[in-house]
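These notes open a run of structures that come right after.
Two complexes are shown next, each including chain A; its partner changes from chain B in the first to chain C in the second.
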Partner chain A sequence: MTFDLTILTHNAGAILGGFGVTLETWISGVLIGILAGLAIALLQLSCARAVSGALRAYIEVVRGTPFLIQLFFLYYGGPSVGLSLEPVTAGILGLGVYGSAYFAEVFRAGFRSIPPGQLEAGVCLGMTRWQMVHRIMLPQMLVIIVPSLCNTIIVLSKETAVLSVITVPELTGVLTGIGSLSFAFLEVLVALCLGYLTLVELTAWFGRWVERKVGHFMLR
Partner chain B sequence: MNELPGTDSQPRETMIQMRNVVKRFGANEVIKGVDLEIHKSEVVCIIGPSGSGKSTLLRCMAFLAEYDAGEVFVGGELLGYTHDRNGQRVRASEPEINQVRRNVGMVFQQFNLWPHMTALGNVREALRRVRRMDKQGANAQAMKTLEKVGMAHKAQSYPVQLSGGEQQRVAIARALAMEPHIMLFDEPTSSLDPELVGEVLQVMKQLARDGMTMVVVTHEMGFAAHVADTVVFIDDGRILAQGSPEAIFQGEQHPRLQQFLQNYLERNAFWAR
Partner chain C sequence: METLLSMLSTLPLLAGAAFATISISLVSLVFAFFLGTGICAMRFSRVAPLRWLAIAHVRFFRGVPLLVQLLMLYYLLPSFGINLSSLAAAIIAISVCSSAYVAEILRGGFLGIPPGQLEAARMLGLGGLSTLARIQVPQALRLTLPALVNEVILVIKASSLVSVVGVAELTRTAQNIAASTYKPLEIYFLVGAVYFVINILLARLGVLGERRLAKAHQS
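Right after this comes the complex of A and B.
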């Protein structure tokens, strides 16, 4: 058995391009997912039961169905309801929707982790709900949830591989394409693993750095 | 300490008036029609067995517990409710509730400091956000209040770096900084190590000497006996006895009160020997 590195070096440009698309879809999807997830958690916290019930249903459906199927719905089913998206756009939106359900749960758990007594203290001092959310709850819960936030971000980095099925030219799509043309599957699969491993390790390292930076009031 | 209410030549201003207050948790009636009046500069200690409703009663005075029937007036204003056009009682809006509640400061058993803020940050927060003071003014007032509770030297410490007694003193400063007319204490020393109780009681005694109106739910019978103007004994959601510390601790006692105080006597029997 041979391991021919030239397969990779010859296609370095294409591979790097794919890596770029992976980064782009991942980061955009994560940002959308975090913002939407936070919005969902905040609405669940403060809105009427009907609203939070509807949001609950959204979370259950998104978490309860495979990402692949959701992408098919969005990309192939979208045009029939007048929603024609470019592959990359569909991929980013799909990742955002998929991630939002998980992020919403992470944020909800974060909000619940704040002892109610701390909020009662705020109430007695005349603080408004919003003041308590952004002065008492958010600063603490964002620290508490850093590990689970990181975890979800890491999971999403690998979900970008699924985007290849709707022809997004990301890392997995590009490398498996090279593999089927050259039959050098071992090389491309190893390269793929290394690519994602790098992303995940960088994210994990960054997450631990943030944990150390922001946790000063809890760790002493 | 203060003269007994009622012995003044002129009647003292009423700070809190409760009329037939009822509070239920589901089907469970916790406060069963309580009337209580608290006067300016009066120190009222509420004692009673656990589960008797004394904390809930105190929480009704800040509308942390939303009472179901009766009335609570704070500074002459109805707390928590208002009346609609048909004269029906409806829950007041948050700004309306806060308007009445601003007269009241609350201190909790668990301190409830915000762990991500320093002692100074904790005291300053409401001055900045609620009072809308500028940073300098808020800092100055916060430091002044921290001095009052002897915590100015730990202004930059986070709660986790402070002992329980220090945390509670910061919590007292946090409430005091808003200049309330009435301070409510919900078992302020119950979660402290015995050796830390003294420093908190000391601060509370000073407050009482300064003429603060105080309502204190407590198990510290010594504090009640020495500092209170009025002691209220509550059992099963009702006030069973109310009077001067002398009357409550030494006078003719309701059987339930006698039984309750007996526990304390037995616990402290070592000292009595």
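Right after this comes the complex of A and C.
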């Protein structure tokens, strides 16, 4: 068993490209997930029972089924109803949908952690519902949820590896491809682990930094 | 809808596959629980290198995607002369990965016990082992039950990844049926429903268990 780094240096371009696709799918998926999740949480707050019940069902279904099955449903099942997507597009959309359910729960927990007295005070001051949401609830909620938001973002970074199964050329797909051609699995898998560990640790570190920053803002 | 009805003929096949998914998950969870308990014990150890090892374990196995860990076992071990069946590789990968999460959950549970209780136990002359068995473990289990149930559901979902190395569980069976019937939409919908039902039942079971423990705690 030898450890030959030239396998990696020779394919540096492809590996960096794969890392790029990982970043692209991850960031796009996170953005879609956060926006959709926030929309879901806000709708659940303000809409009729039927709407929030339907959204609840959506969250439960998305969280109760494996990400891989959701991807297969979207990517292989989509064409039968006229929805043919490129692998990367399907991957981003899948990540976005999967993330939206988790983000919605994060936001919901954030909204619920706001003391009801503050909302009663808002009502007494004659604030409208929307004013209460964007002046009282959102600013505090966004600070409270930073840790769990980061956690969900990190979970999604690891889910991008699953996209390799639907042939998205991201880090895992590219590196295992190189491994199968060269049989240099050790080098390739060490690189994979280092790639994801770096991504996860950097995100966690960034999350703690944001937490400290916004924490100061809360104390003032 | 008609096609969905015709898919019902695949149900016996799916039932067997669902049984495989559940068995793989449960076996992995049992290993994960024991391994996780050990890691958690190491994390609280007085010996610093043991603590570092536990921290490294948790960091690594929570920081690398399960799929990568699975591929690592599946592809790397043969080059060290160890030949594992894909089923064994799958169970080991899930167990080790989940153990890192279980260790963190249990650590949270033990940290959640008020330190005053441990001081009181020492004052009453309780030994380390009986403090652990009578005061710490029962409470830690009660505190961590919701998180542990959540971990069970996560493992059921994560077990779908072992289809990638060819283990014939629910997801792999769905892929085979989809390939032979050309009805991917219906079959993945149906299999998604099977996973959903399993997870809902587990969640319910968890809530029942929580209630039970809470009652036992009160009386």
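Assume the second predicted complex is superposed on the first by the 216 of 220 C-alpha atoms of A that agree within 3 Å, B and C clash if a C-alpha of one lies under 4 Å from a C-alpha of the other, contacts with A are read in each partner's own complex, and residues count from 1 in each chain.
Please note the rule applied: contacts are C-beta pairs under 8 Å (C-beta built on N, C-alpha and C of every residue); 3 or more make two chains touch, one makes a residue touch a chain.
Values in this document were obtained by computation on a predicted structure and should not be read as measured data.
Contact with neither chain B nor chain C is seen for A:Glu86 once the two complexes are overlaid on the shared chain.
Of the two partners, chain B and chain C, it is C that touches more residues of chain A. Of the two partner chains, chain B is the only one that A:Glu120 touches; chain C does not reach it. In the superposed model, A:Asp4 makes contact with neither chain B nor chain C. No residue of chain A lies at the contact with chain B in one complex and also at the contact with chain C in the other.
Those residues of chain A lying in contact with chain B across their complex are 115, 117-118, 120-129, 131, 135-136, 139-140, 143, 216-218, 220.
Listing the residues of chain C that touch chain A in their complex gives 59-60, 62-68, 71-72, 75-76, 79-80, 153, 156-161, 163-164, 171, 174-175, 178, 183-186, 188-189, 191-192, 195-196, 199-200. Chain contact summary for the complex, chain A toward chain C: residues 1, 60-61, 64-70, 72-73, 76-78, 80-81, 158-162, 164-165, 172, 176, 179, 183, 185-186, 189, 192-193, 196-197, 200-201. Those residues of chain B lying in contact with chain A across their complex are 62, 64, 94, 98, 101-102, 104-106, 108, 110, 112-117, 125-126, 129-130, 158, 160-161, 171, 174-175, 178.
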